[in-house]
Every structure is written in structure tokens, then in C-alpha cells.
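Shared between the two complexes below is chain A, which has chain B as its partner in the first and chain C in the second.
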Partner chain A sequence: MLRTRRRQVLLGRLLTLLALAAGWQVLGSSPDADVKAVPKLSAVLAALGDELGTSALATALGETLTTTALGLVLCLLVGIPAGLILAAHPALTISSRFVIDFCRTVPPLAVIPLFLLLMGPTQRMAVSLIIAVSVWPILLQTIHGVRNVDPELLSTARSFGLPLWRRLLFVVGPASMPYVFTGIRISATLSLLLTIGAELIAGVPGLGKEILLSQSVPDRMFALITVAGVLGMALAFAVTAIESRLLAWHHVPRAAA
Partner chain B sequence: MRVLAGLRLLLWELWLPVALVVVWWFVSASSTSPYFPPLSRIWEAFVENWFGPSFRVDVVPSMTNLALGLAFALVVGVGAGLLLALFPLAGEIAEPFLQFFRAIPALAVLPALFILFGTGSTGNVAAIAFGAVWPILLNTLDGIRSIHPSVRLVARSYRIRPYLLVTNVLLPGAMPQITVGIRTSLAIGVVIMVGSEMYVSTAGIGHFVVVAQQTFALADMWSGILLLGVIGYALNVGYGVIERWLLRWQPRSTSGSK
Partner chain C sequence: MNATPAVQLRDLGVTYGGATGREVLRGIDLSIAPNEIVCIVGHSGIGKSTLIRCIAGLQRPTTGEVLIGGTAITAPPATLALVSQDYGRTLMPWLRVGENVRLPLRGVGLARAVQDERVAEALSVVGLVEAARSYPWQLSGGMQQRVAIARALAYRPQVLLMDEPFASVDAQTRAELEDLLLTLQRDLGITVVLVTHDVDESVYLSDRVVVVGGRPALVREIVEVPISGVRDQLTTKADPAFIACRTQVLSSIQASKDSGSAVGG
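Showing the complex of A and B:
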């Protein structure tokens, strides 16, 4: 019973994949002027094959990945300690609430022109952009997480005479981890989006810039967009894998928010 | 007594932002750096632009595109999510494809979408809808799936009509998750609105900011950034009110999400 069900699902997925591919191919060979610019799937796959053989794609991928990773790590290094400090006292939390809320809701791409003027289309600019934008979810979730630590845990730890750093490491850290990871998940997605955005709009070297440059070669452009999709998928998968590893002890099943 | 407490809380919340603005105002007053014009000049530009002709030329198209894109994403997302939840096999088959589409950095698809839908505002709306539909769809699907099985069993044993089942059991039951999805989609929609206008467009706030930057009208550029900040914040607060209304039947939970 279960096995037939699994076979049905796999078969269904395969058929869906084939239908999507066929649909694309048909759309690509349509003579309609409006969609003429959409290349055939076969042409895109051929372009993708060509790209995989060259070093241009590898370089661009490397640049995009470095920028995203660098930005995300710096966000963690800034966001978590800052969150710990701001959560330490209600006065700090309340005072900073409005500022954090405002900065968090500024549409991230709005500051690209400013950063472009200040730093030019460089990797430094993209990393700064990521820090300026992706730090807020981590910061906010750290504050939430720390403030939601069971007070009994804290007072128990205190009455055992644990020094502050051990309380942070062994009590506050693990207890707030599920919250912090929500922030990390949001920030990781956002960082990749920003990297691609900075590359596409401001011309920072990387995958987005390659997409921009290949605008007149639709085959290559669609191939690169597909690569960007796979990259996004890989990133989401990696973060979820790390999370379920680190939070294996956490019993609350995570919703796919 | 409670009014007094509320007032004190408000004071605590507001002193820092007010202080920051005041510091910015005075520190930048004597600024000669072209990149950081005095806040007074930015404010003048803000009033001149956004209470003037640019409001109709840039703000109205932006907000219209955003509203259309989000409305489209909402209808398609909730509808498709509901359908996929009603047919579990279809839902299971579709899941990896949906995850893939959601994981695509929406900005990377911009060039392709503009090819498909043209560079007019249709392209902008399509881009916003494409980015915003996935969180709503996946959260609707997930929300309906996570309704307790006994609720569905009770509904079935009462032989509730399918229409009522959807409107009075499934959708309300999934509402807490759907609202989370809408919140995510709102943020994504604003990002794509700005991004698509910066990428290729002839109107809109994002377009305005880029043109101001390219023509070194930096006070104008800053006024655009500030406006986007205000819009983002206002949308967030406004949606918070809607969300509380949608979930008014729910016992209030603690803030923060896991």
C-alpha cells in the first residue's frame, strides 16, 4: 500500500517534470511574436552545457557564493552579540524597538544607489549592502529568543552559580537557538537575493551580472537563471540541513514558514 | 493609571528614534560631503517631490503595481494551495517543484519576466506576483495540512457541504499560517517592486531613486530612500492591523516566531 503510493508520487513528479519541459519547448518554438524571445528548452540546455565547460560560469558562481557567505557570516557576528546586549534589559529592548522595526522594513534594494555611489560596483559594496539589510532578522530573532528563555532555567543556572559566559553558552544559547535559526534562514535567503540584486542592478561581478550581460543571448540568459534557481535551492537545503542537525534535540516540529 | 503606563512605554520607545533624527539633523547641517547632504535639504526635497507632482508620476504607479501583483499572488496562492491540499497526492507530487520555484532568487528571473510580459507595468506586476505567490501558496498548503485530523473527521461526520467546509473549516483553520505567508509575500513584493523599477522601468519610486543617483541629485535620492522606508514601515504596521483582525478569534499568543 505505502509502496504503491510512493511509486505514484514518483511517477507523478516525473510526469510533471516532463510536462513542464514539454510546455517550455512548445512555448519556445511558438511563432507568436510576444513570446518569440523565449528560447526553446533544448537551446537553453545546450547553452547550459556550453557554460558548464567554461570557467566564466565557475568564476561568477564563486563570486556570488563568496559575497553571500561573507555577508551572512558578518551578519551573524554583528547580529547575535547585538541581540544579546539589546535583550539584556527591557529598557534597551523597548528603546531600540522602533529603530529596528523601521530599518527592517526599509525595502532592501532602496539603498543600492547610495552604496553604489559610495563604493562603486565592488564586492565590498555588495557585502556592505548585505550587512545593512540582512542583519535585522537575525538581530530581531535573537532578541525574541533570549527574551523567551524560560526564566526558571535562568534562575536555576544562577543559583548554581554559573558564571555569565557559561550561562550564555549553555543556557541562553541553546534555548534561544530555534528563534535565532529562523532569523538565519530569513537572512540567508535575503543575502542571496541581495547579492543577485546588487549584481543585476549595480553591476557587481557575479552571476547576476552575467545574466545582465547575456540579455541579448536569451539561451545563455535562461541557462544562467536556471543556475541561479539551483543555487537558491542548494542554499535553502544547506541551511535546513544545518538547522535540523543542530536542533535535533528540539521537539517542536518546524512549520514551513 | 494605565494611560500613564502606556505613555511611559511610548516615551521609552520613541526617545531613541527622535534622538537619532535630531543628531542626524545637527551633524549633517554643516555637511559638505556631496553624498550626505544636510537633513534639512533632504526634507525640502522630500516635501517638494512627494507632496508634489512626483507623487502622481512615481508613487501611484508603484503602489498600483504592488497592489495588483499582491492581489494576484493572494488569489492564485490561496486557490492553488487549497486545491493541492484537497488532493493530497497532487500536493505531494507538486511539493518539490514549488520549493524550487520559491528558492529561485526572484530578482534573477526579472530579465526573463520582462521578456515574457514586456517592459510595461505588466512586467512589473508579473515580477511582483511571481515572487510573492510562493510563500502564500506553500503556507496555505501547509496550514490546511496541519489542521488537526479530528477537526476534519468531525466535519466529515457532520457531512458539511464542501463549500462550507472550505470557507468555515479549512481556510479559518489555516489562517494563522496563511497570514505568515502573506507577511513574507508583502516584504518580497516590496523588494521586487523596487528592484524591477530599478532594473527597467520608466516610472516608479525605484526608477526615481536610480535617476536621481545617476544625475547626482543626491537630496532627491535620499528623499526617495526615506519615502521607501516610510512606505515599508507603513505597510508593515497596516498589515499588522489586518492580521489582528483576521485572527481576532484566536487567543493572543506571545510575540515572536519559531
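Showing the complex of A and C:
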């Protein structure tokens, strides 16, 4: 029963994909001047095949991935402890609230020129940009998470004499994880966006820069955009996979209820 | 009364919501000897959980002090374990039952094998060996309550505080757990303070029953239970001494209600 259903879903998705591919191919073959810039799917796939053989794509992909991962990890290393500290006392939470709200609402791409000016088109610049922008969702969600830990759990840990660091590690940490992960999901997407943005706008080496450089070669450009799309999907998928593994305890009771 | 009391309350009072707030407890003086079992009974909402949270060091009394083993406490003492009334919310939902029971044993210098042994023993004592690898939310309320009890037992406290610990289990299991508590208390020599609504239970378990009542709640009466030797569900509950105590506790609760409403009205 479940199996047939899953098969149906898969089949449906495959058909959608095929229909889209066919549409693309038709559009690419159109003689209309307005869509002449769109290459045929077959041409894009051929370009993609060529690219996969070269080291240029691998290098660019590697650069984009490292920048994103580095930025995201640093966001975690900064955001979670900072969130813990700001959540420690209501006064801290309330007084920091305004600054955080301001910082996280600055449109992310608007600050690229500033960082470019300060650091030039380097990976360091892209990583700094990511920290400046994607740390906020993690920070905010950590604060929410910590403040929403059931006080009864904390009392229990306290009554058994668990020292502060053990309470943080074994009670506050896991209990606030569902909130923190929401932040991580947002930050991961944001980090990739910023990496590609910095590469595209500021010329930091990576996939975005390659896309920019291949503007005159539409086949290649489309192939690279496809790679960027797949990268985004893979990242989102990886975060969700980790989340559903770590937070099974959180999702299952909800699903059962 | 020459030994240091295991638990001592001196003029303990609690007022919620600052100085103008609601006074729940006033002038509670109570001294509990080592190895004693004391039950606290009283009407719902009278302040029993508040009292036990103060003894556990989880809540600062507004007035007075709590002494555990002769020293005034400001934080939960390590020698003490609490089974809270809201037991379901005290189990970590991300830990399996066995790990929940183990949590307080970690980091106190016990070898892993000793921890395993204690966890297994505590779970078998409450009849939950098969549930060790389940998550708390996969268990019924009564089973969760027994996990909370197992966790406290595995910790081997000197003072065990229990807030209506048997409220969610069936009568048969309840009787078994009561007897288990008596056995453990005898074997391990622990001091037990237990809150209950059930007058029979309070008399059956206790050396002394403390009746609290009124608004604010005071200690209304302390009923000594003069039943010596090993207690038994059938014979003890038919014992004339048991019945006399039961009547005395019941009437004391009744009286505290009348006087309470007189004060309140």
C-alpha cells in the first residue's frame, strides 16, 4: 500500500520533470527573437557534460562549498554561544532584541559593496559576509529555544545536582535543538545565497564567478546555473536529513498526536 | 530527638507574587529524623507541592529556612532526590528510558558498569525492564511515573522527596509500589517525605502524618502512627491502630477545611 503510493509519487515527479524538459527543449528551439538567448536543453546538457570533465567546475564548486560551509560553521560557533548568553537573563534578551532585529532585517545583498571595499574579492570577505548576515537566525532561534525549555526539566536537573555545564550540555542543549535547527535551516540557505552573491557581484572565486564569466556562452551559463540549483537542493536536503535524525524524538510524538 | 534531623523546617513561609501577593504557607516548623517516613496530607491547592519544592531547594521560602542534615540550604543538596508531581514533564523526551534513569548518575564518578547495574536494578524494581529502550512519550502516564520513581531510586539519595508519586497507577501497582518503598526505605535507610491525597496511603506508609491546612496553610496536626514491624497491605489496614490513625487524620483534614474557610470568609 505504502509502497505503491511511493511509487506513484515518484512516477508523478518523473513525469513532471520530463514535461519540463520537453517544454525547455521546445522553447530553446523557438525561432522567436525574445527567447533566442535560451539555449536548447540538449545543448545545456552537452555543455554540462563537457564541464563535468574539466577541473574548472570542480574547483569552482569546491570553492563555493568551502566558503558556504566555513561561513555556516562559524555562524554556529558564534551564534549558539551568543544565544545562550543572551538567553541567560530576560534583561539581556530584551535589551539586545532591538539590535538583533535591526541587523537581521538589513537586506543581505546590500552590504556586499561594503565588505568588498573592506576586504576585496576574497574568500575571507565572503565568509565575513556570511557571518554578518546568517548568524542572526541562529542567534535568534537559540534565544527562543533556550527561553522555551520546560522549566520542569531544568528543575529536575537541578534537583539531581547536575552542575551548570552539564545542565547546559545535557538538558538545555537538546531541549532547545528544535528551535536552533529552524535557525540552521534558514542560515544554510542564506549562506549559499550569500556565497553565490559575493562571487557573482564581487567576483570572489567560485561557482557564481564562473556563471558571471560565462555570460557570453549561454550553454555553459545554463549548465552552471543548473549545478548551483542542484547544490542548493543538496544543501537543504542534507540539513533536513541531519535534523530528522537528531530530532526524531521531537517529530515523532507530534506526528502520532 | 538527639540525632541531627535529616530534614528540618524552621518557621517556613511562602508568599507568591512579592510582598502584596498570596500567602500560601506560614510558620511551618517540622523536624524529620533520619530513616523516618513522613507523609504530608492536605486539601488540593493548599501548598503541599510548594512545601516540597522548598525542601528540595528548588524554591526559596519567603521566610524561614530549610536544613538538610543540619545545614541550611540555598540550592538543591546532592543527597536528595525528588519525584515531582508533574512527573511526565520531568523526563527528557530525547533520552530513552534507561538513559533518563542514568542521567543523574553520570558525572558523579560512578563507573559505567556500576551505572548500568543501578539502572537495570531500578527499572526491574518498578517493573519496567522491557521499556528501557523506549522513549518516555511511548509510555503510558503510569509507566512514566514509574520511570521517574526508578530514576530517583537509582540515584540512591539519603532523602527522598515524593510529590503524589503513585497518583497515576492502578490500585494493584500502587499497593506494590507502596510496599516497595517501605522495603527500600528499610533496606537503604533513607528518609522519605511523601505528599499524598490518599489518607489510607499516608497512614500505611508513615511513621508520622503531617496534616497541613488553612489559608495560609499551617501544620494542623501531626499524627503518630504507632504500628511497629513490617507492614502488610491486608493485616496492617485491618489493625485497630491503623483505623484509629486514619480516623484522626481524616477528621483533622476535615477540621482544617472548616477553620480554613472561617479564616478565609
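We take it that the second predicted complex is superposed on the first by the 239 of 257 C-alpha atoms of A that agree within 3 Å, B and C clash if a C-alpha of one lies under 4 Å from a C-alpha of the other, contacts with A are read in each partner's own complex, and residues count from 1 in each chain.
Here, a residue touches a chain if its C-beta (ideal position, glycine included) is under 8 Å from a C-beta of that chain, and two chains touch if they have at least 3 such contacts.
All values derive from a computational prediction rather than experimental measurement.
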item	value
Contacts of A:Asp150 with chain B and chain C, given as first, second, both or neither	second
First (chain B), second (chain C), both or neither touched by A:Leu235	first
Chain B or chain C, by number of chain A residues touched	B
Which of chain B and chain C A:Leu200 touches, first, second, both or neither	first
Touched partner set for A:Arg158, first chain B, second chain C, both or neither	second
Partner chain in contact with A:Trp249 - chain B first, chain C second, else both or neither	second
Which of chain B and chain C A:Pro108 touches, first, second, both or neither	first
Chain A residues contacted in one complex by chain B, in the other by chain C	252, 256
Chain A residues touching chain B - in the complex, by the definition given at the top	5, 8-9, 12-13, 16-17, 20, 34-35, 37-38, 91, 94-99, 101-102, 105-114, 116-118, 141, 144-145, 147-148, 178-179, 182, 192-193, 196-197, 200-201, 207-208, 211-212, 215, 218, 221-222, 224-225, 228-229, 231-233, 235-236, 252, 254-257
Of chain A, residues touching chain C in the complex	150, 152-153, 155-163, 166, 170-171, 174-175, 177, 249-250, 252-253, 256
Chain C residues within the chain A interface of the complex	53, 56-58, 75-78, 80-82, 84, 86, 89-90, 92-94, 103-104, 106-107, 135, 137, 155
Chain B residues within the chain A interface of the complex	9, 12-17, 20, 35, 89-90, 92-94, 96-97, 99-101, 103-112, 115-116, 118, 138-139, 142, 146, 177, 180-181, 184, 187, 190-191, 193-195, 198-199, 206, 209-210, 212-213, 218, 221-222, 224-225, 228-229, 231-233, 235-236, 254-258
